[in-house]
């Protein structure tokens, strides 16, 4: 089966749903949308099973001028172990979330449009991971940004924009403005990153004369290029990755992006799109391997973001915002891993994170649904009684993300921490601290939502329906058992995942004595368990609602305000100023026109309409010319 | 026979007198009469040159100028008459509708 | 066939004056469609070779025309967008005879500009196209149109005058027997004279690009034009400065363009950023799109001035296809104005009631701000990539405008189409009848050439290579 | 030479009377004097046909027309009033003198290209025969054009002077001249009846 089928199926779904929405009454649109993603999943599965060690490269058609080696760049798809894995995650998790959405979005008037956008997103994400060149990857890159924009702003006029009640309408309008602003912010911040990505491409082209990834991979190791150039290119690409993955300093759009419907948060802002930055760096491993400084930057950006996200998550009160900051933090882990050249560990965490974070978001969505759009954790509690199935699923997710043994997060986080320990002790300490904080805020989330007494306003919350339970169940199973794909050697495993990915991405094996490994593992587990126990203790003391750090954490370390003051406000002011200047250029010219019209005024005085005035002018002119002529004749003739 | 230069000088003088008339008189008809003077000055010069060069072309031109003058007088006087009817004046300074 | 294509719209324009009112729409549409059809036939036939006869032998003016490569691409886009403009004008404007006639007359001027291979003929068509543009503004403009009109005419005529002088200078100093491009290239001007003549030529092209600081006519021109946006489409097509520089400027003034490269590139990059930044502040849709177009023109100029093959290809690609989506955006604004009675960007909530209009506008905006997969990206990316190879910092400055572009486009879109519809505001109808075609066809073109660029690339790339090879560089 | 001096003096005297006379009839008569003198000058330049035409057409037909109009409009009353444009008279005087001087200077630098007798012979005395020959062969087209011009002038003169039929409500037609900016034209309904008569 050709690779282009992968993005083609969801694209067809998108085209049908957006062009002919009337053809799909009721839930038909949801089923069509899910079916196209399932079809892609089948293709991805088939390609995975039929995969060999040589990557598949299928060229489609000529696209961009002169951007391959002495030729025009073609659009084409490229499938190696990394992209096969990503394609499976995207279509698999994507399919589950589509099914979930059929129920979750069932009552939304824009149901069809929602699935159109979701399909569009899946198609773009598949193009991103399957692209055989950086520009084509950029298509998917901005395409997912576009989809993200559309979906964050899905309720662009609020959810009650047609309400006749004045208060309801006013609230809806405010919600609309907030949603729209969040969407726009996401797109613009992504664009900042995209400029970095573009500059990286330009520099790569300057250095190597091609933007095709296979050609680059073949050319880079042997080429005689100054290291500074590679470092700079890698830093440019890092800017791109930072923008897409919500890393510091371009992180503030990601928490705001929770304005979108919950399945969107699960699919785009947790499981897939935001991990594109990790994918980009892993895909460019042949460059980062040659750029130690840039790699260190990647690792530190990741480490600091992990810390930032964890600190910001400590005292959030929105059920989705906690998860959003958690995503920021976990993405930081992945960056840390790939920055330390532990690509396999980073991608493995990407995989397990996709499972447990999607699971957490979807169960949060189920709760929000049950409580009629209530999102404040202080108005929840005790949901365990009302929604036992969802509770179990959510618990699996919490245990996974906290790194409790046998759950998937344990294995992936452990690998990252091990890599950090060998490369940079300082980063290891940061990582370990973040692990503790993670366990705490996830424990806080769990206890506030599911335990204690019910504080909600809805009399009898209902358990989710079957369509929601199935994806939750599957994801819970994956979040629990996914870690066994990559059991490390000292635990008696065979590094199956590392070996698989190692066929495409070189794995830098860290030689750590087994004893040290055990020690590291114990420390990590201790951090996870400690964090959960800390949360439990606070829960017992009923002081959990007010997390540590107070306002500083709630306001996400005031980063938003700093940006608005440092960048937003000045650039608006400059725009204002330039506009005035531009009209002023006009003004200046108008002034010149007036000045030149002043002698014109004299002339118009002369144009008095009196015939004789005109005649005198004529006479004077004639007399002047003839007089000059006569004088000249006298002078010359004499 | 007087040399051509004399005729040209006379023509120039006549032209200048006509010009001054055009500029100083305010009655439309007087302006018209002065214009006729200027036309005659030009005619005189043309005929003088025709003799100097022995070419009848200039005389033809003078003939045509005369015809034009006739036409011009016919139209011009008609305009003056109709203006006078409307404005009861032939003072050119009152006719300042072309003010810029 | 090429002559028929150039002059058919003019014939149609004259024919319209003699057509009964009820048939005017049909006649104009038929003529515009026929012109486009002829263009496509020429394309299928591999373009039209240079056709040359003497026009005014005493002055050395020839009638030399050709449609190939870049000029064919632009001519096709012009014919296409004129057709769209005619479609919309027929639907929107009551008793549109004069407007249709002017649109068609302008189409002839524009096609002539692209086809001309004689500098003086180019100048003649250049001025021919100006007249309908002025008339459209004068007849159909808004109350403050006189100011805009005077400004537009003053800038353009000032530039044209300098261009005429340098055209004459090129022939005089180079010693060419005629004004035909081929002859002029055979007899190049040498030394400092070339630089001065280039500057004169540049002045006209910079007005028409437009390039900062000669752009001030553009926002007023669009702001004051008819609400339907039809004249704006033609005005967008009239921004032929980039083409003129490429087709005539580079071959005739190779040394000068090499010499002035950094300065001109700087000016172009600055224009791109400056316009995008100002656009952010605009609250009038037409001014906003005008500044957006100005920003694109900065990119076009950056590509042409860089003398880099990839960048120049990108510039021509961008020049051709920005006509499509910028023009369609102007028409979308026309539709918006018809519905809400305003071109202000703070209307709010239009998309809650007119989903298709909002969606199409958004998609066209995405094309305009160069989201990959749409036509704007191919051009803009190539320009930036090429320019980076020559002047990295200038490419960076121009690249900043992609961020500003997202800001201005999405802000205006949001405050008009998203958010809540004000209580008590009139209900907005969605797209109807031909409006679907008017927005849908350009969008389809923008998508098609964003994904599959080969048809246009096959025309542009050899032409650019030919011109740049003539410079002896790159 | 003597003839030239005499005729030239007469011409200038007539011209000065034309320009300076307060009475329009006197001015017209002065012009007649000038025209007749110029006719004499034409004769002295051996342009006999033109001299005759000058007397018949100019001094005869045109001047009669002038006098007729002057009498009709009663326009020989001098017009009084301030000059609306400053220094017109002074400027006109200076300009006129400079012009005349320049003409004179230039005229006296002119040298006859050949003996004048040769020229006279070449123009064959400028009689009706030679002039008519040139006029009806070489300059046939201008000749015809001029005839058409005359026709147009006649029609135009008739159309201009022709008074429109009075409107039923007593408001006179503006004759197509609608210049709303001029208050004079709008108040023309108030014109005294005798002007229309």
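The first chain written gets the first letter, and so on, giving A, B, C and D; residue counts start at 1 in each chain.
Convention: a residue touches a chain if its C-beta (ideal position, glycine included) is under 8 Å from a C-beta of that chain, and two chains touch if they have at least 3 such contacts.
In this text, all values refer to a predicted model and were calculated from it rather than measured experimentally.
Student: Please strip out chain A, keep the others put, and tell me the connected groups that result.
Tutor: Without chain A in the graph, we get B, D | C.
Student: Determine which of the two chain pairs, B-D or A-D, is joined by the larger number of C-beta pairs in contact.
Tutor: Result of the comparison of B-D and A-D: B-D.
Student: Centre to centre, by mean C-alpha position, how many angstrom separate chain B and chain D?
Tutor: 5
Student: Report, in whole Å, the distance between the mean C-alpha point of chain B and the mean C-alpha point of chain C.
Tutor: For chain B versus chain C, the centre distance works out to 56 Å.
Student: CA centre of chain A versus CA centre of chain D: separation in Å?
Tutor: The mean C-alpha positions of chain A and chain D differ by 91 Å.
Student: Could you tell me the distance, in whole angstrom, between the mean C-alpha positions of chain C and chain D?
Tutor: 59
Student: Would you pick out the residues of chain A that each touch at least 2 other chains?
Tutor: 608, 610, 612, 616, 619 - these are the residues of chain A that touch more than one other chain.
Student: Which positions in chain B are in touch with at least two other chains?
Tutor: In chain B, 19, 23, 26, 93, 96-97 touch at least two other chains.
Student: Where does chain D touch two or more other chains at once, residue-wise?
Tutor: 84, 88, 91-92, 95-96, 99, 102-103, 106, 109
Student: Spell out all pairs of chains that touch, sorted by label.
Tutor: A-B, A-C, A-D, B-D
Student: Using the touch definition up top, name the residues of chain D that touch chain B in the complex.
Tutor: Chain D reaches chain B through residues 1, 4, 8, 11-12, 15-16, 18-19, 24, 27-28, 31, 34-35, 38, 41-42, 44-47, 49-50, 53-54, 57-58, 61-62, 65-66, 69-70, 72-73, 75, 78-79, 81, 83-84, 88-89, 91-93, 95-97, 99-100, 102-104, 106-114, 116-123, 126, 130-131, 134-135, 138-139, 142-143, 146, 149-150, 152-154, 156-158, 160-161, 163, 175, 177, 179, 182, 184-185, 188, 191-192, 195-196.
Student: Touching residues of chain B toward chain A in the complex: what are they?
Tutor: That would be residues 19, 22-23, 26, 31, 92-93, 95-100 of chain B.
Student: Which stretch or stretches of chain C touch chain A in the complex?
Tutor: 151, 213, 216, 219-220, 274, 277-278, 280-282, 309-310, 313-314, 349, 351-352, 355, 359, 366, 371-373, 377-378, 381-382, 384-385, 388-389, 392, 395-396, 399-400, 402-403, 405-407, 410-411, 414, 417-421, 423, 451-454, 457, 460-461
Student: Within the complex, which stretch of chain A touches chain D?
Tutor: 608, 610, 612-613, 616, 619-620, 622-624, 626-627, 629-630, 633-634, 637
Student: Would you tell me which residues of chain B are touching chain D in their complex?
Tutor: Residues 1-21, 23-30, 32-34, 36-37, 40, 43-44, 47-48, 50-57, 59-60, 62-64, 66-75, 77-82, 84-91, 93, 96-97.
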